[in-house]
Structure formats: C-alpha cells, structure tokens
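Below, each structure is written out as structure tokens.
In the two assemblies presented below, chain A is common to both, partnered first by chain B and then by chain C.
And now, the complex of A and B:
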C-alpha cells in the first residue's frame, strides 16, 4: 500500500472516529434511530399481523422499509448536527481529501445503521414469525451490501442537501426513487431466503447485484463529492 | 424566436399532418387491430423517456467539470423533458395494456423502469424548484445518479417475469409498419430537440434578465 492510500484511509478513519466519539457522548442519533425503527416495526406488526398470522412475505418488505426509514432519519440528523454546529464548513476546510471525508461519513452512518439492524432483525423475526435467521450468512451479507448501497447514495445526498432550503423534505424525495434498486435487491433476496424452501442461489444473485451497485455508486459518489461540496 | 420559427413549422407539420396520415394508412395489426396504433405514439415517447436522462446526465457532468451555465440549462431542459415524455408514455401505456393484457398496470421491467426514471426526474424538478440557491449543483449530482441508475433499475426488475413486448419487436415489423414507426420516431426526436432548444433559450433569457436587473440596481 503506498503512502497516499494509507493517508486517504487515515483521514477516513479520523472522520469515523470523530463521528463515533460525538455519538458515544450524546447517543442522540443512536437512541432516536433505534426507537424509531422499533416503533416502525410495531406499527407494521399492528397493521399486518392478524390473530398471530402475518401476511405471507410481509417480513422482508417491512425489514427493508424500517431500514430505509431509520436510515433517512439518521442521515438527516447526522448532517443537521454538522450544519448546526458549523462543523460542516470546518470539515470542508480541513486539508484533507474530500473523498476520504465522504468515506468516513459513509462508514459512520453505516455503523449506526448496523446497530439498528442488530435490533431490527430479531424484532421482525419475532413479530412476523419469519425465518430471517435460518440462513445467517446470506442474510447478513444482504443486509450489509444493501445498507452500504443505501448509505452510499444517502450520505452524498444528505451532505449536498445540508445547505439547501427545505432539506428535510427533499432528502426522502430524492433518496427513495434513487435507492429503489437497492430496496428491490434487498427485499427480493430476503424473500428468497424466507421461503419454506430457501432459494439460496437466488439470494446470492441479489447479493452480487447489490455489491456491484455499491461499487458503482461509491465510486460515483467519491468522484462527485468534491465538486458538489464546493461552494 | 425567429430563428426557431422554421424548424417549429416543420416539426408541427410532420407531427400533426404527415405522421397522423401515415398512421391512419398503416395496416391493422392482425390480432390487436386499432389499439396497436397507439404504438406509434407510445414507443417513440418511451424511447425518448429513457434517452433523455443520458442527455441530462452528460450535461450535468459537463456542468460539474467546466461550470458552464449552458450545460446546466441543457441538463434542466432535458430533465423537464424526461418528465414530459414520461407523462406521455405512462398515460398511453396503460390504455394499450388494458386492451392487450386486460390490466392497466403490471410490474414488468420496462414499465417499472419507466415509472422510476420518471420519478427520479420529478424529484430533480422538485429540487430545482424548491432547493433554493445552490440547488443547480445538487441537481447536477442527481442528474448523474439518475443517468447511472437507469440500467440498474432495469436490471433489478428484469428478474421478474416479463409481459412487455421485447425490443426485438421493432426490427421485425413488416416494412409498411416499420416506415410509419420510424417516421413517428423521427418526428418525436425533432419535437424533443425543438423543445430542448426552446427551453434552454428561455432559461438563458431568464439569466440575462436577472443580470440586467442586478446591473440596474448595482
């Protein structure tokens, strides 16, 4: 690994560490996101579970909708905090590679959402009696690749919108249509795994597609982050 | 506007006189009859709906690299035209589908891709309208992602079973129908180009007006 590469990763790591330190001290986004995701699943459970029998295949959709909703909340809050304390400008002024800052932000939000998913996965499994953990490895890879894809686009858009008017409304408006392929991949892969006869090959197909999507969109975001964040 | 008058006359003539006559004269398709004729309208609209994001994306890349105002205007015009041709396609599609498949809507790859592409560019237009100052840069990012997303949306819904006629239908048309179809397509392309140029021009005039106001006040 050459010097510039290790410098790049070091900057990304510093940004992650900064975000996690702030989060560990206040726990604001973590607690609100966790509570929100659990209440989302509860509302769905009230709507879709009748006399202990959930709708068939509902669990996969609900898991991903909950991930998407809480992800939007976390993304909005993360950048709102940066904007409120004027640290977004400081971050942009830092003598560091912009793509490295993007990567750090992305990893921070990914870490946050992963914690939410650790709670969401058993909650959906219990409330919807879905065998989500019957095949743990493909399920976890689906969640990881899907969440990275969602965060890749989300981090870029939330950062861009941090300075825009009506950003709270615009973030979901821009993000949901754009991340539909991730949602289709995640939901379809999860449905394949929760069948009475799990279709593991199909789930792997979706994992591969999601990884490909992640690579393309992270590359594209890193490339556009610098010009887009310049005032 | 004078420069655009002649092209506008040509496009209007082609769209309102030549193509309709050709469409009326085209033979009836053996199984679907009259309903099939919507095809001359629906398919060119759909093709432009999926091509227009690329105009917007490429113009957005140019805008981000060179800061050229003109490229930004082209991107805005192309995004709005994506929405316009999307409306045409998404309205004519169900009319045909109701007759041919018996349903108004089906979650088929081509339909879903068209709907989502249309939605992404509606989001683009909303951002331009309500994003406030600096939104043209954000919109450029959205335009690039919108362009890159079109193949992904297509691929991810392609795994579902497909009902929609394949692209292989167009090359295999009987010659009479093919010539009518391609005339309709050329007419649509002209319309697209003309609308794009007019919209870009309008945006340039707005900028000019803004500049003059500032000059007057300053």
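And now, the complex of A and C:
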C-alpha cells in the first residue's frame, strides 16, 4: 500500500473513530434511530398483520422502509451535530483529502445503521413471521450492500445540505429518488429469500447489483464531495 | 506538497450571495510578521472575507494570492499553512480538550502529536482540565483551547474572527502576548474584531469594511476607537 493510500485510510479512520466516540458518549443518534425504526415496524405490523397472518412479501418492503427512514434520521442528526458546532467547516479546513473525510463520515453512519439493523432484523422476523434469517449469509450481504449504497448517497447529500435552511425537507426529497435502485435491489433480494421456496440465485443477482450501485455511488460521491463542499 | 509564502494579497475581491453583494472590489495586502485588524460594523462582510481567505468560500470575482499563487494553483497543501479561529469555535463538546486537539492534529498529519498536544493544553492554561469534556468549559476556556487548536500546526497565515470574545482581562493580555510571539516568527495575522481597545496594543495597522467596501482609516491623533468612530459615524 503506498503512502498516500495509507494516509487516506488513516484520515478516514480518524473521522470514524471520532464519530463513534462522540456517539458512544451521547448515544443520541443510536437511541433515536432504534426507537424510530422499531416504532415504524410496530405500526406496520398493526396495519399489515391480521389474525396473526401478515400480507405476503410485506416484511421485505417494511424492513427496507424502516432502514430508509431511520437512515435518513441518522444522516440528518449526524450532520446537524457537525453544523451546530460548525466543526464541518473545521474538517473542510484540514489539509486532509476531502474524499477521505467523506469516507470516514460514511463508515460512521454505516456503523450506526448496522447496529439499528441488528435489532430491526429480528423484530421484522418476529412480527411478520418472515424467514429473514433462514439464509443468513445472503440476507446479511443484502443488508450490508444496501445500507452502504443508501449511506453513500445520503452522506453526500447530508453534508451538502448541512448549511441549507430547509435541510430537513430537502434531504429526503433528494435522497429517496436517488436511492430507488438500492431500495428496489434490497426489497427484491429480500423477497427472493423469504419465499416458501427461497430463490437464492436470484438473491445473489440482487446482491451483485447492489454492490455495483455501491461502487457507482461511492465513486461519484468521492469525486464530487470536494467541489460540492466549497461554498 | 510543502507550501510557504510571505505575503497575502487580496486583488479586486467581490462576493455576492444571489443578488446580495457582501463584498465589493476589496484589495489590500499583508506581509509576513504583520498583524492587520479588520474592522467594521456588524454585517460589513468581515467573516465572509475571512472565509474566502481561508478557502472555505470561493470569491465571485477577483482572487486571493498567497505569495503570488492562488488557492487553486497551490492545492490542498495550502490549508496546512492556514489557521482560522471562527466565531463558532470548531470544537466537539463531547470530546475532551486533549481529544479535540489530538483529532485535529491527526487530520493535519502532525508528527510528535502527544507532545504538541501537551504544549497546546499548557499554553491554553488548561493542563488541569485537559481530560475534561469541552461541554463543561466556559466560553473563555473554549476560546483559549480553540486558539491553540488553530495554532497546533504552526500556520503561516492566522485568521482570527473576534478572538477576544469571552476572554477575561488576563486571558486577553495573554492572547496579545501570544500574537506578538507569532508576529516575531513571521506569521501573518488578520484579526476581525470589535474590541478595539485591546486590539490597538497589537495591531500594526487596520483596514475598515463598511457595507462590503474597503474604506480608509485615517492616520493621526486619537485612539483606534476614536478614529474608527469618526470613519464610521462621521
């Protein structure tokens, strides 16, 4: 690994470590994200489970809607924290590679959402009687690749909008249309895994497609982060 | 890329946000070892000017030259030589004083970071509170810590936005002593302030911004505050 790559990864790690340290101490984003995602699943369970029988394939959609909603909340709060103390400007003033700062923020948000998903996945499994954990490896890979894709676009937009007056409204308005490919891949892959006869090959197709979108979104975001963050 | 420069020049600099013109055709320069005051009423454009010089905001017209080069030609290495103490202090309240300094020092890739941090904490007068969370600090303590955070990487160009805010008399005097020491090392210091009585002791000269335009401050008798009042209020 050459020196510039090692420096790049070191900066990303410093940012992740800082974000996780702040979160471990405040637990603000984790608790609100968890509370929101579990509430969301409970409301859907009340609506879509009748006499103990859920609507077919509802679990897949509800899992990903909960990931999307709670992810939006986590993204907004993460950058609100940076905006409140204006530390985002201090990050931009540092001579470090801005794409490395972007990557650090992305990984921090991904880590927080992953913790929420550890609770969310069994909750959906239980409430919707869905065999989400029958094929654990492809299911985890679907969640990981889908969450990375969502966070990749979300981190860019949340950082861009951190100083905008209508950021709370603009973030979902921009983010949801852009992440439609990720949501389709996540839902379709999950549906394939939760059929009475699981279609594992189809699930792997969606996983590969999600990985493709992850590469596209991360590359584009790292490329545009520097110019977009200069006011 | 290692970058150094001994002059800062603002050349016909303008900035507008939509139709609102915040800065209009500003030109002046500062040399190494010079402390220049940036004075003006609220909303005159002082903070915007500092943001442009710090590369956070792009000018709409004109350019900033760092020893003959622009931020675009120098690249990201320029930021290694800049320090900006903004009105918001750029500190994480959930981290301790030491953790804040270590985090930013890490971003700047500084060597001997633990000893630099110890020295910075001592210079901020916070040795006993180094492992306390910043959220427990008073405004003055945060201000001192933020100043040391900005100086941790020994910038050539130091931009200070209201650096005397929240400082008690002793801390204000200590800051002036610190600025004189920086001047002796060849640091270019640009200070936006309303605290003219304190600043007068340390400024080599002052420029005044009024409604986004640079206006001359007359030399002559009277204190800096008196001359400023004559300029602004007539």
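As a convention for this text, the second predicted complex is superposed on the first by the 231 of 231 C-alpha atoms of A that agree within 3 Å, B and C clash if a C-alpha of one lies under 4 Å from a C-alpha of the other, contacts with A are read in each partner's own complex, and residues count from 1 in each chain.
Throughout what follows, a residue touches a chain if its C-beta (ideal position, glycine included) is under 8 Å from a C-beta of that chain, and two chains touch if they have at least 3 such contacts.
Fair warning: this is a prediction, and the values are worked out from it, not measured in the lab.
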| item | value |
| --- | --- |
| Combined model on chain A: chain C and chain B, fit or clash | fit |
| Chain B versus chain C as contact partner of A:209, first or second or both or neither | first |
| Computed vertex angle (chain A) for partners chain B and chain C, CA, steps of 10° | 90 |
| Chain B versus chain C as contact partner of A:85, first or second or both or neither | second |
| Partner chain in contact with A:51 - chain B first, chain C second, else both or neither | neither |
| Partner chain(s) touched by A:161 [first = chain B, second = chain C, both, neither] | first |
| First (chain B), second (chain C), both or neither touched by A:173 | first |
| Partner chain(s) touched by A:97 [first = chain B, second = chain C, both, neither] | second |
| First (chain B), second (chain C), both or neither touched by A:4 | neither |
| Minimum Cα separation, chain C to chain B, after superposition on A (Å) | 5 |
| Interface residues of chain A shared between complexes with chain B and chain C | 230-231 |
| Chain A contact footprint on chain B (complex, rising order) | 64-65, 116, 119-120, 122-123, 126-127, 130-135, 137-138, 140-142, 144-146, 148-149, 152-153, 155-157, 159 |
| Sites on chain A touched by chain B in the complex | 153, 156-157, 160-161, 163-166, 169-170, 173-174, 177-178, 180-181, 184-185, 188, 205, 209, 213, 216-217, 220, 224, 227-228, 230-231 |
| Residues on chain C engaged by chain A in the complex (per definition of touch) | 51, 54-58, 76-80, 82, 84, 86, 88-95, 99, 103-104, 106-109 |
| Touching residues (chain side chain A, partner chain C) in the complex | 7, 10-11, 14-15, 18, 21-22, 25-26, 85-87, 89-98, 230-231 |
